[in-house]
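Everything below concerns the one structure shown next.
Read from first to last, the chains carry the letters A, B, C and D; within each, the first residue is number 1.
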């Protein structure tokens, strides 16, 4: 009768699991973890944007998007936190390397894994909501305009945003993210509650979306790229092709120059 | 004077309780727990949908529904977590059996208990909000249309959704649910905070509703069926009878075929 | 320099406080605690309703009311949790007596303290938002109609609600509240996280507001009465006087009979 | 391979950090911490207001502002909680001095640091959202009217608010804040969960915004002033200059007199 008392929360040590395997290669394990957590985070995040945009107000509003990305980050940290650190963001990996918490030789692996994860997530959400987007825009996929769907996968600056203001926006958003991330993990100050770090990081991302998001879609993550496939499908569906379409959920250094 | 100091949180060991009873039969105890937690979860969840739909924007919006199902799951886990595991979902029970955390001989009991609980919850919410629904739809209960109320109890795919996309939607939603559930309870990685697992699971369900909900009403739970009684009452009230009306809060494997 | 390191959270044992006093009489202490926590809970809760109603959509919506009452209960539990148990609700006190966790001789004290606290809170919110209500309704204070303000202080059943349905609504809402409260404090099952009980209870109240609130304003608390003063002020301001105006935030046993 | 296992949460003791420095002077350290946490809190808070106002409903609503200030306070406490106590509010510092938890000689330092932090934050948000505000109001910066932007940086009483009601509003809001803050840190009662104090304080601020915010923009913080620079820029942009424009996010003692 014991098996009925194994609650979901009491996790045995795998011996009784039907199939067990272990990845010996550390690089592969870390890369896989980083890919998986970025995939989960971006699938939830982009899924929320797709749902809100195609729902036209019926399936959530802007606050839902903040919740989606925030809790998406929380779930990403739960999935890979103790394996790869669950950076899910090249700016975070870069900072971790800069502060000596991650070896520089791991940096390309992290960035590649993050890009692969977000690439796969964008593709997944694209196929998942393809019919919803088709229905929403009447088959006329556009980057701008009242029924634009490109903003689901990529962030675009507001039409009034100048390049210096865009640089300030990106630098400030990423700086606030990293400053608070550092504070949340600083055990000699007032860190996040032990075990509740994933939730705290998720609430931080929610907060940045609520407060620093409207200028350019809180593009604080340079790892997020939109998949060329979906871009080409868009073109086949009437997308006005542009250099912007290949940038994704926020490119800290690239976008301002692409804008020129 | 001691009794004044017994705060709600300091729970004595039942000796001072006016009436105490204990169910000796493990099967019955587990089945009852699973029925009760599913009942509570579905009463809160369906109640939220009924309130939002019949309120027409006055009593909450889509985000309220996500909160209602999310926190409803949290309360369900609090109610039966250490007795039956509080699966509340045949897909979760199936996965737990697959991974060896639950004996296969318990599977039918779990699914039956879950169906009974959700059946009772749908009936409760139906009677609770019968007058509100009657007032909302003017006595003309319909499955579709601007004043449809069937969607309170059952999920329906969006009109544009094809069968392959519906299969992807169901598989992806349930897969994301189970992947994150596994991560939240994986003590060798970054699990949910000890004691906060119910809240973490609730936030996960909220997240899925926010991000993967618009295609087919986040039907990630094959245990949720709509009560035939209410279905027949609907028919008496003008319901366009259909095979769909007997499916409930999401049938992972059934619905796509019923759609044909 | 030590004093700069006393963070808000590190609370010394009162010796360094400028003034210290201690109430020796247990009855007075418990009664005062119960009055204070009910006052705080109802001031936040009624304040939210007043803000949302008089704001006409500009200062929050229905979800804000759920958040206001939910977190208001959380703060109430923080204020009196270890002194009186912070019931803030005669139905909770009644149940605690029934289960032997509170002596029956304390019951009248609890109910009186709760009524006094909610009475004072309603008066406070009435004076705080008097000008806002006056501005909102143009000086014509009414119980019903498009610019009614009586619903800020008292709950009214929806116009379509019959007496049997109202009884079901009240019984179910209070039963769900107490069932989940019991589960949240059941140390032999899956209780709320140690120390996070106030938040868990607050989320439960939020959940009931989201899911079981639209029939009669989630009137799950028989301790909440509206102050006669404000009622008389209303009458002076044009209130259509009725027996209903003296009932408050939900009277489990009284209201259905008053309705007749 | 160890470096890959340093999760974000496991914070080494700085030895491996690329650059390490330590501020010896306690006054400077405390002042800097208080400035930084107030800056972070106000940047998130004012950023939310700016985003919601200039978005015109597209980028969040009133509840977003409550979330922005609430979680902003949470992040501020994480940043300076164990260094300066993260008061971020002259009324909190004043109360801490009154209760003997902070030396009176530190009071001017705290207030000056808080004002500097909020001053810098208002300037940052002003530059960050300058183009958004310019676009929103068509270049005609005004204090009142349908396209007013002064309310982003300063709080104004509602037009119907009298001076006695404004005094009651300010005193009650600040009293509720401090009463609950005291309860959240009272280790002999029912305090906030150990380690979760920042979140609890943030939820309290969210709650006050939800319930006591509409009369005068929950101006519970006398430390928050609007930067003269931005005020002058506004004047250059068409601002109707007034004494009000130099008051900021709520001046407990000043505003009622300025109103005369």
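The criterion applied here is as follows: a residue touches a chain if its C-beta (ideal position, glycine included) is under 8 Å from a C-beta of that chain, and two chains touch if they have at least 3 such contacts.
Since the model is a prediction, treat every value here as computed from it, not as a measurement.
In this structure chain C contacts its sequence twin chain D using mostly different residue numbers, the overlap staying below half. Ranked by separation of Cα centres from chain A, the top chain is C. Averaging Cα coordinates per chain places chain A and chain B 28 Å apart. In terms of their C-alpha centroids, the spacing between chain B and chain D amounts to 40 Å.
Those residues of chain B in touch with two or more other chains are numbered 7, 9, 61, 63, 77, 81-83, 86, 190, 193-194, 196-197.
Those residues of chain C lying in contact with chain D across their complex are 1, 3-12, 16-18, 40, 43-45, 47-48, 51, 54-55, 58-61, 63-64, 67-68, 71-72, 74-75, 77-83, 86, 124, 127-132, 134-135, 193-199. Interface of chain D with chain C (complex): residues 26, 30, 61-63, 66, 81-82, 84-87, 92, 96, 98-103, 106, 158-162, 165, 168-169, 172, 176, 179-181, 183-194, 196-197, 200-201, 203-204, 206-208, 210-215.
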